[in-house]
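In what follows, structures are represented as structure tokens.
After this come two complexes, each holding chain A, first together with chain B and then together with chain C.
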Partner chain A sequence: MKPATDTSDTLENLSELSRSRRKRRIREAIESYLFLLPGTLLLLVFNVFPLGYAFYISLYQWRIRKGKFIGFENYLRALGDPKDVLFVLAGLGLLAGAWMLWRKVSAETSTRELLLRFGAIVMLITGGLALVLGFPKMLENGDSEIFKSLLITFYYSLGTVPMQIVFSFLLANILFRNIRGKSTWRMLYFLPYVTVTVASAAVWQSIFDPTKGLLNLGLLNLGVSEPDLPRWLFEAKGVNLVLAEMLGITLPDWMGGPSLSLVSVIIYSIWVYVGYNTVIYLSGLGNIPVALYEAAEIDGASRWDILRKITIPLVSPTTYFLVMMGVLGTFRAFNQIYVMTRLAGPVGSPQGTTMTASMLIWKHFWEGNRFGYASAVAFILTAVMLGISWIQNRASEGKVFYG
Partner chain B sequence: MAEFSKPIKSLRHYQVLHFLSRFFLYGILAIGAIIAIIPFIWMTQTAFKTYGEHSTRKFWPAALTLAPYVGRPAPREIVVEMKPADDWRNVPRSYSQALSGVIQVDEVSRFVAGELERKDFPLPFEVNLLAVDLTDDDTANYDSFRVTVNTKVIGQFVTRLDGQQLGGPNYEGADRGRWGPHYQVIDPDPNHFVVRESWDTWHIFFNNFIYAWKDANFARYMSNSTFITILTIVGVVVNSTLAAYAFARMKFPGRDLLFTIYLATYMIPAAVTLIPNYLIIVGLEEFFQTTFGLKNFWYDNWTALTVPFMINAFSVFLLRQFFAQIPDDLFDAALIDGAGHLRFLAQVVVPLSRAPIMTVIIFNGIWAWNQLQWPLIVTSSERWRPVTVGLISFISDAAAETHLIMAGSVITMVPILALYFFTQKTFTEGIATTGLKG
Partner chain C sequence: MKLRKIFGLLVAAAMLLPLIAACTPTAAPTAEPTEPPADVPTQETAPVSAFEGVDPSGQTVVYWHQNTGSRAELMTSLVEDFNSTNEWGITVVEESQGSYNDLYTKIIAGIPAKQLPDMSVAYQNQAATYAVQGVLVELDPYVNDPVWGYAEEELADFFPIALAADYLPQFKGRYGWPPYKSMEVMYYNEEWLKELGYDGPPESWDEFAEMSCKAIEQPFSKQAGEGAVLGYEYSVDASRFASFIFSRGGNVINEDATSYIFNDAAGAEALTFLRGLVEKGCAAQTTEQYGDQTDFGAGRVLFTISSISGLSYYGQAVSEGANFTWSVNPLPHTTAEPRMNIYGASQSIYTSTPEKQLASWFFLKWMSEPEQQAKWASSTGYFPTRASAAEMMKEYMGENPTYAKAFQFLFYDSGVESPVAGYDECRAEISNMLNAVLGGAEVESELNKAVEACNQYLEEAAP
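What follows is the complex of A and B.
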């Protein structure tokens, strides 16, 4: 009889235990919700809700106060005819689809392969056609400022991100060797990132000053005559035109590229972020197992081989992270452009050549008080940004090596 | 013998190569460091220049040489007499030895003259004086100063524009106020006062900083920024530590979904939420005004500048990753000792997580101190504007006076640079850990 009582005892104990466990679980759930309450509330009010609210705003004619409901008119005003927009979207979708199909093909059998390849080509052609048909019209009917600002943002990221990556990779690789005073170097490189953006942008603005700035003083000492000095932040002309002029060549206007003013801002951005990227690269390099290098050295690999076949592939996650952050950052960049181009005139000066995505939104929102339209523009530019990061994501697939 | 000489030669060869490659590497590092630092040197150097020195492209500021500080005459006291010429309204004159010559107080505004005529005008009283040096007819030197009768001289602004060169720009002349003597009224009297003439070394050295500090009301802005930054940091650390702990160590329904939402907010672009957030602040302001009768509780107040930033996905994610690594045994031990989650968090987890919490503090500190766009739209007065906005408006005010703008930039940078130098190691290491693992 003893075992029986024992079991019933245990059972009772068990049920007691499970009851108390359930109680504890409920208590823990309540406690955890309390832990999460302040953060989640703030996140909902100032991050999640605004996303929907912004869309709501973009459907109205909203100038400081809410006006009348106009549906997608703000978007149409920005992008032009809905038919063209549809054409462009379909074209882009088809191109992306063709590309994905083409990549999949190698896994299939030969007859299907042929068919799929054919399908991909058809998609490519129709997609390209749709783009060719829709895009010029969209440019014509839409808000040309948006497309211009996209181009400027594109120039801006193309100017900053690759340079930042190359310089910081170089510096990090050198610092990673047996270098004396490693932490001092690191501290010096990191200095630009820590300083207040507004202040350092003001400093660079004075460095770029056409008459008294450091850069032009240097050029004067190098023998450039006073009237030939570049006007940096005040120059709306394309950088290629300016360079060509210095060499005495005349170029057509469309070859101008980003304005010298934008290039000045790009130089500043490179200066700020190289140190930050270097520090992150250093930690990425630190994660590569030393054994790999040793093995390669024993096998007689040259420095160049080691760099190409070990270092670069193994830091690719860091590179990917930095490129992503860099591109997102150029869409977000406000402070430096705002401060540096203020003296040249209104937002986006000179002549709108520094009107990046965030500056355009700022112009419509704060200078023009067009809340509805600004929201629509923000959504469009964000969609483009998401598209670009998606492409980046796809393109880096298989090239980024995660241990 | 030949067999031995070869390795020695190649060893030397190797040494030379090694030296060259080292030299090359340090060379690149040095170039990088110079580029990183040059703007700071330029900023500091310019901040010590005078307007004239900057305009005439003088390389080295005189304030950073010994010359202005040595061989100055000893302080002396001068009696300045203000006598009416014919009547006070036009040209009150006074002759004195204040500057090396006879000074004629040449111009007093009509209002001031009227006030001076009254026997009972209230003290202290501010006067702007334009003094003309009459000793030399060819160089009619002007000197204007601002005096407060019955207290002290506030300062001298334009000093000694050489009369000959009044036609063209004369930068040197305009700067002499900085090097020249400073006057202090020691015996105030409406018609006659004793002035002490002295050279203020401190003032000569820090002239631009003092001017910028006073002119742009930096004291206000700095304290605003400090308050906003500290409050934001406290909020972020408390909120994100709690949230990260719940995500890492507690079980509750909907945890994964909620965490996904948290992470997703990291992707929401600020460009989209800027406008609705502004309207939310305006809406909250209206709501608090109508229901609680609180004016400016949100708009143009510290609340709008700090509360929205008291949580972010980045901090929660970073802390959660770290908290999740803390071994369960520790918690079980704490549980046996009768500690609950909150106590475990406060007494075990937080002390163990000093490094990631430091990272959160540093990042949010930089972000909060750097804020510009948001304060521009949710503040309208100086009361809560941070130093970034202050610097912007100072840049507009100072316009061409680059030396003052640079002084303002130095003032803005100093606190964060000081913080950086003191916490340098934690700083860079904290940042390095955030870029890890894709």
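What follows is the complex of A and C.
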């Protein structure tokens, strides 16, 4: 048996050890927070504060300077009646819930699965109903310009991102091989991305010029008659209508699609970002172990099989990243649209067919001096972007292979 | 002795008499003269300034303008001249801010940030927007000040149109001072018109259409370079639309500036007419910046409508292009006499200290002196706003007959675009309307839509 003093000494030693450990932990924590402080301060000053201030502005009738407090009136002016907004939000929430539940169901037992599937169906129907009830009214009572701009942004996104991904993936695959002048080609494709947007957009604007542009001069030389030459950035007509007219077919207006002007901007955007995406894809391709390709070849896999079964799945994180960034980028795009379409008239010209969401915010802010309303629209756009990112995130679950 | 004493007393009395008379109250005259004698000047009290006690000496004031290139150089030299000659030791710091739009955007951004110059160039509607925000100084007290303002005969030297333009109906006051003016005119190719069989420019819109359409069938013999031939090349612009409706007797806004009215018959006629020309292929939109100017210079366009301030640029385009005889005229019109769109930015003063405001006023006043106006106008193509300045430009006008011809248009009847807050926003709506109609949309509904949007801006922006 050890003497009592020994035990108390040990206890004392232990508690001292624990105290010193606690002290060390506190000191380490303080040190960590001190290291975090500059970054956090920068974030607070340059990100959180402007965001908070923009939200503050959106709650006021702010025309150049602060006016009276109007709460969420700017938001309601944009989205319509609060009841309709609530219906749409509830509808979207229920649809999202139903989708998530349905995906989760496969992991459950059969009875629970049945119940959950039933619940998902109920949510789907209720959500759908809420949307059907709320959305048309929202369109009717809200600011039609916002919904139109969201549709145009959607067109812009849809026209730009998939093409960028396809072209850059193909280019990356070609440049990944040992071709002659590989680094020169890589640099050439990357050049549009590093060129100042305003400068390259101005050059493309002159290429698209209906009277003196290179594109129409080329078409003239190909035998297209002068009256039939497309007006590119000045053409408000839907691209489908323009194409149908060229083929002598008449289409109804609703089938018009994005204007030829927007399509011209889309072409430019593809040109700019293909090089950047290619470089990212090249690094993705470099991360695929060569052994996988060698094994596949030994097993007799064709080039198509290798592409389909190895390359595409293993670059899926890169694809996911590029799609996500591309979509968000198209929602924030401004410079190229502004520069390329400014000769066609005021912002969003011709006839508002290039009025993407970011252009609309600019229009209200700088052309209309409606600072409060523009801030509210910016927050609505942010919410839409968050929603899209969430959907992309969920949709990619299980499809992006991280190795 | 006695006689000597009496004489001494009489002399003393004679010497004291005026003193006694001076101390005695003056007796009222028996009969007041009805008029002072003609050769005696009437006594005037010294004029008292409302700015008495305000000393602008040694002030430094910042002036924002939109001039670039040679115009900016001229402005710099004028400012240097003022800085070295003004008796108060005032220093003006001039800063070019780019275009009119850039300047407007910077002022708008500067209002909440409280970073404004002491004075700047501003169109009347822009001045109204600034005045709504309470950052502009009303200039009437300065203009009418007996010491630092203008005497009646000096004010009479200014052309009435120039003085009237800066009166803002929403404030019932003056917020700008006009050192120069401009106007919309029709540029025409005189030689081509002769080739087409016409003696002179069109006076009516029907003639304009006829000549424009004939031009595309019979291109100009001296045409330089390749490109589409047009009767009229237009740029989508609210001022151009305003010129079209003024020439038809219409107006952009009503007299008391409370409602836009361009959706009347004049507006509809103007749009229908222009669309007709476009549909026939006789007119088309310019697709390059200043494309109408270069195409006119190349002899590919018979008519363009633009500001007179572009006169020298047109001259350059023609001499570098097809080199033909050309001139300017008022726009064709349905009114008995031409009705012009006369406009031009003025100079405004921002609220600061009384000393800086007065120093700024001295600079604006100096800039409006005939010598400076004549110098500015003869170098830029703008018009002076004073008869005495125009008088000084006789030699210049003799050497520049097109300018001299256009100068006479200042005295025709004119319309006022819209000196109200929110007109800048409305201008964008008008441009959208023009784009839509010329793209095939229905005239009446687009006009009504634009007027509705403009009235909403008018209401939102009102003081």
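The rule is simple: the second predicted complex is superposed on the first by the 360 of 403 C-alpha atoms of A that agree within 3 Å, B and C clash if a C-alpha of one lies under 4 Å from a C-alpha of the other, contacts with A are read in each partner's own complex, and residues count from 1 in each chain.
Basically, a contact is a pair of C-beta atoms (placed from the backbone, for glycine too) under 8 Å apart; a residue touches a chain by one contact, two chains touch by 3 or more.
All values reported here derive from a predicted model rather than from experimental measurement.
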Inset, instruction - Have a look at where A:Val400 lands relative to chain B and chain C in the superposition and call it first, second, both or neither. - result: first
Inset, instruction - In the overlay, answer first, second, both or neither for which of chain B and chain C A:Ala344 touches. - result: second
Inset, instruction - Using the touch definition from the top, say if A:Lys212 reaches chain B (first), chain C (second), both or neither. - result: both
Legend entry - Contacts of A:Gly352 with chain B and chain C, given as first, second, both or neither: second
Legend entry - Partner chain in contact with A:Glu28 - chain B first, chain C second, else both or neither: first
Inset, instruction - In the overlay, answer first, second, both or neither for which of chain B and chain C A:Tyr276 touches. - result: first
Inset, instruction - State whether A:Ser302 touches chain B only (first), chain C only (second), both chains, or neither. - result: neither
Inset, instruction - Check whether A:Tyr189 is in contact with chain B, with chain C, with both or with neither, and answer first, second, both or neither. - result: first
Inset, instruction - Using the touch criterion from the header, give the chain among chain B and chain C with more contacted residues in chain A. - result: B
Inset, instruction - In the overlay, answer first, second, both or neither for which of chain B and chain C A:Asn13 touches. - result: neither
Legend entry - Interface residues of chain A shared between complexes with chain B and chain C: 206, 209, 212, 366
Legend entry - Of all residues in chain A, those that touch chain C in their complex: 63-66, 206, 209-212, 226-227, 234, 236-237, 343-352, 363, 366-370
Inset, instruction - Under the touch definition given earlier, write down the residues of chain A that touch chain B in their complex. - result: 25, 28-29, 31-33, 35-36, 38-40, 42-43, 45-51, 53-54, 57, 167, 170-171, 174-175, 177, 179, 183, 185-192, 194-200, 202-204, 206-207, 209, 212, 214, 217, 271, 274-276, 279-280, 282-284, 287, 317-318, 320-322, 328, 331-332, 334-335, 338-339, 342, 357-358, 361-362, 365-366, 371, 374-375, 378-379, 381-382, 385, 400, 402
Inset, instruction - Using the touch rule from the top, collect the residues of chain C that touch chain A in their complex. - result: 105, 108, 111-112, 129, 133, 227-228, 236, 281, 285-289, 291, 424-425, 427-428, 431-432, 434-436, 439, 441, 457, 460-461
Inset, instruction - Flag every residue of chain B that touches chain A in the complex, lowest number first. - result: 25-26, 28-29, 32-33, 35-40, 42-43, 46, 54-55, 57, 238-240, 242-243, 245-247, 250-253, 255, 258, 261-262, 265, 268-277, 279-280, 307-308, 310-311, 313, 316, 340-342, 366, 369-370, 372-373, 376-377, 387-388, 391-392, 395-396, 402, 405-406, 408-410, 412-413, 416-417, 420, 424-425, 427-428, 431-438
